[in-house]
Amino acid sequence: MSAPVNADAPDVIRSAYAQLAVTDLGAARWFWVDMLGFHIQHEDADSLYLRGTDELTHHCLVLRRGDLAALDHLAYRVRTPDDVDKAERFFRHLGRPVRRVKKGEGTHGIGDAVRVIDPLGFPVEFFHEIERAERLIQRYDLRHGAEIARLDHFNICTPDIPAAYAHYKSLGFGCSETIEGDEHELYAAWMYRKQTVHDVAFTGGAGPRLHHLGVATHESHQVLRAADIFGSLRKEHHIERGPGRHGVSNAFYLYLRDPDGHRVEIYTSDYYTGDPDHETYRWNVHDDRRRDFWGNAVIESWYKEATPVLDLHGHPQPVTDTLLDESTIHVGADGLG
Amino acid sequence: MSAPVNADAPDVIRSAYAQLAVTDLGAARWFWVDMLGFHIQHEDADSLYLRGTDELTHHCLVLRRGDLAALDHLAYRVRTPDDVDKAERFFRHLGRPVRRVKKGEGTHGIGDAVRVIDPLGFPVEFFHEIERAERLIQRYDLRHGAEIARLDHFNICTPDIPAAYAHYKSLGFGCSETIEGDEHELYAAWMYRKQTVHDVAFTGGAGPRLHHLGVATHESHQVLRAADIFGSLRKEHHIERGPGRHGVSNAFYLYLRDPDGHRVEIYTSDYYTGDPDHETYRWNVHDDRRRDFWGNAVIESWYKEATPVLDLHGHPQPVTDTLLDESTIHVGADGLG
Amino acid sequence: MSAPVNADAPDVIRSAYAQLAVTDLGAARWFWVDMLGFHIQHEDADSLYLRGTDELTHHCLVLRRGDLAALDHLAYRVRTPDDVDKAERFFRHLGRPVRRVKKGEGTHGIGDAVRVIDPLGFPVEFFHEIERAERLIQRYDLRHGAEIARLDHFNICTPDIPAAYAHYKSLGFGCSETIEGDEHELYAAWMYRKQTVHDVAFTGGAGPRLHHLGVATHESHQVLRAADIFGSLRKEHHIERGPGRHGVSNAFYLYLRDPDGHRVEIYTSDYYTGDPDHETYRWNVHDDRRRDFWGNAVIESWYKEATPVLDLHGHPQPVTDTLLDESTIHVGADGLG
Amino acid sequence: MSAPVNADAPDVIRSAYAQLAVTDLGAARWFWVDMLGFHIQHEDADSLYLRGTDELTHHCLVLRRGDLAALDHLAYRVRTPDDVDKAERFFRHLGRPVRRVKKGEGTHGIGDAVRVIDPLGFPVEFFHEIERAERLIQRYDLRHGAEIARLDHFNICTPDIPAAYAHYKSLGFGCSETIEGDEHELYAAWMYRKQTVHDVAFTGGAGPRLHHLGVATHESHQVLRAADIFGSLRKEHHIERGPGRHGVSNAFYLYLRDPDGHRVEIYTSDYYTGDPDHETYRWNVHDDRRRDFWGNAVIESWYKEATPVLDLHGHPQPVTDTLLDESTIHVGADGLG
């Protein structure tokens, strides 16, 4: 874990939860609970609060009924209650929209929080207080579906990767890996606070849009099981890409689309990044193993489609086109464009 | 597959099913269906008919309510309807008790059959006709618990291993492996008709008793999952031995005891034995890897305890003590006796 | 195992070995031995004799130096020495080219054999006698690479699938699965003698050509390891397709191309087919799960490219175009053509 | 990660390496390199410097030739060079033996360091600077044996668990799990700085002695492979306990003894502990799942035997008997004592 570069920045612990608007809560429940194996921690008429088998806090995913399939907000947990105030000051100082959300007014299970539209245009919440949840780590009897253990990361589409990098650097995030051109132009970056490869990653593309949520399983056979279950039910069209091995992060992956098109990555096996001088590993954009270590082509929808994001009033944010388009790089079998 | 040595012997295809008497059908259902993952093909007030995910015939296990926990009978499928008649003649010729069971009078789903008390004292059925069952091979959505794929073998306790070997040899069974003393005295043998390591194996001990049913999973992580689920529910006392690797057969195993004490082995990975000149592999009884390839000690109950077997009238068969006791062989960590 | 339909047909035990001509024996050794993990049983200046970890006979693959990358012959083991004579008569009766190969004149480790050009145009050997080999089943210390356990099957390209089906039916092969059109026109079939899904399968296409050799591992993590090792060495272009789950056979697969373009499938997990009344499972050609249970597209080279086959004099056989082209069926993501 | 409780304490990043004295360097090399799969980063006449496949720093294990099999020292990495000075002051203030080791005078690859005998009697080094090492994370081609990814933790025998707990608490370690009696008397504790279950754990027993080094693999099949390889070579007596599932930590484990009797745990799958308010999970000493989630008995040597530790002059430290003996607790199958 890097110490915050900026003494004014809140001390972020980790990517903590995402809140998605879904148009059909029943269909979303089938996908995330029955198929992926998330546990329901809390539900009401319009929302489901979900968590993985290893998570000890209230939720890592909120599904809220909405007219438009969209990202409500991403949320990071910070170290202390004071860091919530610090986050408020940090984003006010940047001149960004900021809204304070008192305990009980915002997301169930979360204490005082602040929501902002960050410089990249994303709705992001910072909070410290969250309800604990019963320990399910050893409840193998309750495991089902893909047996998701925990949220791992957010992956966001943004047109200006260097700007995204600079923003998260100012929040004290380290950088584990990048994809770069021959002149070191940045195509993508993976950044972390917790001691894994990432809490957040940037995929070059029109943005702000949410590319995917990354959720972790313990072993690769659980990833295969997830794909098999979709095939069994003739729901294989929810499988967009994979299973495969990422070059970046070395994780074994499977990309699925939920009934609203929200993308989720089932992800297993990355590596420790907690040393203070952890070095960034740089992939050249012409190495076709960067996106798939086995050289398999990336399907075009994976580069092109993503989830719109809302502003603090619940309206869709406008989108800016990308500057640099990784999907146009023709390498090996990866014949896109 | 070896051709029958004896032209008068029925042509056995494989070990097909076992029928167990259990004292509490609800408890047995919890164990075999909820925990092990067997599918219920048929049920009535007093019985459950179960099969594994890969089985295409009606059942591989019948659980019948009874006052005494016991083995009702083991059953082998034979190649043709004529082989049922052949089996009747074969055992009558041996002077053994024989009972013909017409379709509809015996076990649900089974056609005409013959039941015998074989020369080892075991109740054994031979049948050809069996109802087909819906194909579940690719219904990953229905898998649960230990995800048992199919019945693999019967393991029986018998005091006279050479006699057991000779009997099954006369039925055309091949022998894949043995445990032998320095003078080639036979402590145990594994015999097969289908192209796996065994359909039946003999453990030296007081007999006739059923040592265990062997049921197969596809991969080792499914064996670990089974153990984990028992631990989760504080039912770990059902785990008797393992997980471990057998020296004999090279399979990865876990031994469980059901609520009545019936023993089941969850078993994965053996090898092809279908060549006509397949050679027997002989373990010396002093190689402590024979029973556990990793040298772990065998718990005493595993050698000593077993299920009583019934005669053709449903009465428990008397038991004869063993001649040669493998459990007295002290090797390495395996300090029994 | 089905009994031979035709009393004049040899009693085939299983697909036993393939002999490939390779243009660079060193490169082939790297691929098959170092990367796939085959064991070298015998070698001379111009040939390598290889087998998997679980095989107890001399070889399942012969790599022979040649000017042209091609299939020398496929070989089936038969039950008795008399079945070799029977095979000779069977193919002479069909008017096919036949050559008797005495022990010592043909492939090292093999006894008397007969080689034929079968009605489909393939060079096929039938033999009974083969040298035994040291048991490596439990030599985990020698395992490396993909840890191939054994040869599983041959997959051949042939323009007339019903003719291929009829020929192998006449040799007593059972049929486990097919791909069929709406009018039951046959696009592909999987046929077996040993108790697995197949010893041989037919892919519709210009033929005679060898589509691939199928080799088995015990578990899916070994398949993933194979792909990972190719990626590590920047040899990922040897990976043509997968890993994935086949609809047909339910096996987990990875297709690789060797340095000469010979295709090999690493294959794990199929199911028992040994009952005499085992039913054929029929896939409709419009079910996009037939070739990939997860709905992933099949890469075009997989349908189009294959290995030429030699005649009994070592000359390449001419090829006939296919009648029915499965690759033109557009289904879901599988947008070929 | 908890912030240090004590502002005077060095900021420890993680357990970093152990240095063991071994009596036969060749035998030790066989065990740790050939069998466990450690990579040799550096070697000289008297030492081997080893690391796991995922480690980016010079070594996590040093094997040094010695007359007595013993622990030379454990080593923790600290956040900054100043923390090395802080460590010196911290232990001088406690009145403990302290020795400053300049870069080049101590362990190869390590910069300035301080070595102390801590209040528990253990030789412990604190350092910041360490040489980087080539990234092997994706060199699947170099993996062999147990494919160890990284050092996970130290487990030490100490007679006074509350004292050990208090000492590491003063160094800012969090506590993930404990084993406690009915009156909350402490039998064992697991404490961490990095975001895993532990960097160090305490086993009640005569001390100071090293109970074991914990090293991590990615998946459970790699743990099984390790055991299989020992069986293959008839070296199964190196396997002391397991494989099994720990109740504490939920990890899948295998305990081995090296040729000198040093114990190593191959360990996979624990859980994230990085939240600042992570709660301690408390096991009751009468729950027989605490040491083995499947209820298997713990072999007596595992509780009783351990590695002696050296003082700063290389002489063995005297040992004090334990106050509270967990091995005398008779629970279920765990019938020790």
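Here the chain labels run A, B, C and D in written order, and each chain numbers its own residues starting at 1.
Rule of thumb we're sticking to: a contact is a pair of C-beta atoms (placed from the backbone, for glycine too) under 8 Å apart; a residue touches a chain by one contact, two chains touch by 3 or more.
None of these values were measured; they are calculated from a predicted model.
Contact count check for A-D and C-D (C-beta pairs in contact): higher for A-D.
Taking each chain's centre as the mean of its CA atoms, C is the chain most distant from chain D. One simple way to say how far apart two chains are is to compare their mean CA positions; for chain A and chain D this gives 34 Å. Each chain gets a centre from the mean of its Cα atoms; for chain C and chain D, those two points are 49 Å apart.
Looking at chain D, residues 138, 219-221, 228, 231, 247, 293 sit in touch with two or more other chains. If you draw each protein chain as a dot and join the dots that touch, every dot ends up joined to every other dot.
Residues 1, 13-14, 54, 56-57, 77, 79-80, 132, 135, 137-138, 149-150, 194-195, 218-220, 247, 250, 269, 271-272, 274-276, 278-279, 281, 293 of chain D touch chain A in their complex. The touching residues of chain C, when paired with chain A in their complex, are 220-221, 224, 227-228, 230-231, 234, 236-237, 239, 243-245, 247, 252, 288-289, 293-296, 299, 332-333.
Chain C meets chain D in the complex at residues 138-142, 144, 219, 221, 225, 228-229, 231-233.
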